[in-house]
Amino acid sequence: MSGAHAGAQAPFKDRATAALADKTLKIAIDRTTGNAERKRAAAVAAFPEFEAARARGKAIKDHVIAHLDHYLEQFERNATASGAKVHWAVDDAGARAIVTRICLEAKAKLVTRSKSMLGEEIGLPHALADAGIERVETDLAEHIIQLAGEKPSHIVWPAMHRTREQVAELFKTGHRPPPAAEDPATMVQSARRELRTKFLSADIGISGANFLVADTGATCTVTNEGNAELTTTPPRIHIVTAGIEKIVPSTVHAFALLRLLVRSATGGELTQYTTFHCGPKRPGDADGPEEMHIVLVDNGRTRMLADEFREMLRCIRCGACMNHCVVYRQIGGHAYGGTYPGPMGSVLTPVLDGLAGSRDLPNACTMNGRCAEVCPVGIPLPTLLRAWRIRSWREKLEPGALRVGISLWAMLAKRPALYRLASRTGVRAIRMFGKAGWISRLPLAGGWTAHRDMPRPKGRTFMEQYRAEQAKKGGRP
Amino acid sequence: MTARDRILDAIRVALPQERPAPDAISAEAKALLADPDTSRPRLVAEGLFDAFILKAESIGTTIDRVGGMEAVPDAVRRYLSGHGLSLSLAVEPTPALTALDWTGLDTGTTLAPDQPAALGKALWGIAESGSLIVHSGADTPILLSFLPLHHIVVLQESDILSHLEDYAAQLADRPHPRNAILITGPSGTTDIEGSYVRGAHGPGFLHVILVASTD
Amino acid sequence: MSGQPNPRVGLFVTCLVDAIRPGIGFSALQLLEEAGCRVEVPEAQTCCGQPALNSGDEKDAAALARQTIAAFEGFDYVVLPSGSCAGTIVHGYPELLANDPVWAPRARTLAAKTHEITGFLVDMMGFRPKGRRLAATATYHDSCAGLRELGIAAQPRALLADVEGLEMRGLEGNDVCCGFGGTFCVKYSDISNAIVTEKAEAIERTGADILLAGDLGCLMNMAGKLHRRGAKTRCFHTIEVLAGRADGPAIGEEG
């Protein structure tokens, strides 16, 4: 179980209902995901080779996954040769312990952090607080949610659930002096001023990695703001936390995936800053950290490698699946309750937090397939979500009423003659509940009729009418 | 058992017992990169030079073309005056820049907190994306590319490469620097409602002085 | 085209059409016959098993898959007036029975000859409706399974283009899910409602008289929402229009 989400939360349906009632949240979601969807579509349209690039990206990730041990060892050798220290963590607790120990041994007072979902996954923010270390989030969105005391609601835009008006409120109390106006430009300037001194006085900078390059030992970050470089350059120590699936064979392979990642995430071609970090400051270097630590984190990934969720290891965390998900676009990220929201989160959260507490996530999906359609590395997300449903059914985690309902229905459906009889009787019974074509309240179908009317069945089933016609014609029954 | 061994063991248990030799894996990895043109963007113009300019300008980079390195100080002065800035900037201590005649400009190698501009030299430009490449080193403090509001970068026309792969080949040819950075446009953010704002933490202005090849 | 002028087609009307709107089944029968097919409706059909499959009940889903395979494998083709049920046979069955040495090949064989009806009429039979008239404006929603699992997009539009007098209007978000999702719409009814509300608003904005789609489940969801909202939009399955049945009652209309 992940320490990051050990706290009790309301059930999924209650969280979703609360999110649906939040009109401001809906405005914020529509603004960001709407923009993202339009920009991605334009970027893909401007890149006719996108499909071929996607096939290549998928093949690269599959290749790495099939030789993961080889590449991890190669990465470790090369990173060590560059002067970095490589650490390994089996789970989130192990990873937290390593990072905290490095911070405490360095007597760090102030740590800056550049956005990393892996850091969120392993519960790093809380671990640093528990160790009495001041943590400053430097990504603008992470800065916003740090001021709000929240968790990210999106893996690319962690503060997308907040409107500009709400951000202005946070900055008014969180910035000294407060921003002069509420437009995004003024607020961004205010954050720039507020964070600048933190960057330069931090003892340790922590980043994630979008790629780990096996043949050079470099880690790669991509940002638009420039906060990753400002986080990793001035402090004495740079710590990277990264999932073991982030590995690529070489810089060229990273570039092939980068073309997919940025277009799928923001609709850009490259982020403003793509930086390879290879070891600590070299003799003679004008700047840079004296120590570099890389923490390679498993936390469920080797389990996924061994079971039906292996394909999920291809994920490059672009967020396109959630931007195009009808459910995410109604309830936003927090309602999902895990580190990762949306379709990819609904596959990952049961891995990280256990299926028993998250069985709703793979079920709360219409299986419309749009997520898989936009996934830049061809992850069959609906198939993986269905795989969790199968496990949930097998482990008897599905609600009793549903199990009984499906089993009864299946018992009939497996017996065509009986089924014919039941459907003939059934449609006549259902007809009694409506008038003039529509049923507005139907027992056992409250989920339907609470929100929409039900067309009244025609009275005789197709099979009844068809057989009658056949008999009239004297044809085959 | 160390965490390292537990992770590598778990991987080996999950993967097939029969594993190819490292050479075979490398060959497979290399084969995955064959025919790069089939899966990368075409340049937006015929020549590297035109493609680079089009691409760079499309992402908010401004460009000034000069005939030779000796014309760089004037171009810098033009840029600073054009933006109403004082004629004072930090210049990366790389010989190609420090050797120039900076008379009339207040230059130093470190950026004062209130100094709005810094000048650096890019190793390469990339036509595919309009990117500039900066490597860390004794003469190239990384922070000079990130702290100022105005980042001015000198790029030789002859150093424009076609695609990201061409840069990767250059990178593979030398010792990997501590930082290898692709700068693709001025710093920006879309973190507030997805609306784009320039100059988040890094430079809000990226200006390229493109120097004609002398040969 | 298949090259087979008069193939023997097994029509799987689907459980929803059987119970709720038999007219769609008769439209399918009529169109297939017009296209030159010899159509039969096997008695052993019930449901493709999708509710079980999507609930995670793979055992019952597999049993229904075997029953459906046995009932339909003797035909040249299997045709369904539903992209979702056809998708289950085409993709779901081979996946579900992949580890069954006897049934896996049979599932793959059936999958290879199973089609959604508009796709079948256009791609396999080269069929075009003749002499159909309907003076109305209509908009079309791409049901997700048909669109993404089977590539049904151009075919229904091509067929509808041959209906004289029918003016098609674009639907904003035509390829976005309507929020039906089978059992999803009752299990997570609040979320489903929010999704179908947006869909209904988009449909109303087109000002079209008629909403068309290729799956009765999605149609019931959208029609039910439109009716609850007091909209006057009439809802039909695409093939009802193609079969000339749009002069009869729309979904939810008595007659």
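Each chain carries a letter (A, B and C) given by its place in the written order, and its residues are counted from 1.
FYI, a contact is a pair of C-beta atoms (placed from the backbone, for glycine too) under 8 Å apart; a residue touches a chain by one contact, two chains touch by 3 or more.
This is a predicted model, so every value here is computed, not measured.
Centrality annotation: A (chain centre taken as mean Cα position, compared with the mean over all protein Cα atoms). Each chain's centre was taken as the mean of its CA atoms, and the one lying most distant from chain B is C. Averaging Cα coordinates per chain places chain A and chain B 30 Å apart. With each centre defined as the average position of its C-alpha atoms, the distance from chain B to chain C rounds to 53 Å.
We define each chain's centre as the mean of its Cα atoms; on that basis chain A and chain C are separated by 32 Å.
In chain B, no residue touches at least two other chains. Listed for chain C are no residues, as none touches two or more other chains. Shared contact sites, meaning residues of chain A that touch two or more other chains, are absent.
Put simply, chain B touches chain A in their complex at residues 2-4, 6-8, 10-15, 19-20, 22, 25-26, 28-29, 32-33, 38-42, 59, 93, 128-129, 131, 136-143, 145-147, 164-165, 168, 171-172, 176-195, 197, 199-203.
Contact residues on chain A toward chain B in their complex (touch as defined above): 28, 31-32, 34-36, 46-47, 49, 52-53, 55-56, 59-60, 63, 66-70, 72-73, 82, 87-90, 94, 138-141, 144, 157-160, 162-164, 167, 184-185, 187-189, 191-192, 195-196, 199, 216-218, 224-227, 229-230, 233-234, 244, 249-253, 255-256, 258-259, 266, 268-282, 284-288, 296, 298, 302-303, 305-306, 310.
For chain A in complex with chain C, the residues that touch the partner chain are 13, 16-17, 20, 326-327, 330-331, 363-370, 372-373, 383, 386, 388-394, 398, 402-403, 406-407, 409-410, 412-414, 416, 419, 423, 426-427, 436-438, 440, 445-448, 450-458, 460-463, 465-466, 476-477. Here chain C touches chain A in the complex through residues 13, 15, 17-23, 25-26, 29, 40-41, 43-47, 49, 51-58, 60, 63-64, 67, 95, 144-145, 148-149, 175-177, 179-196, 220-221, 223-225, 227-228, 249, 251-254, going by the rule given at the top.
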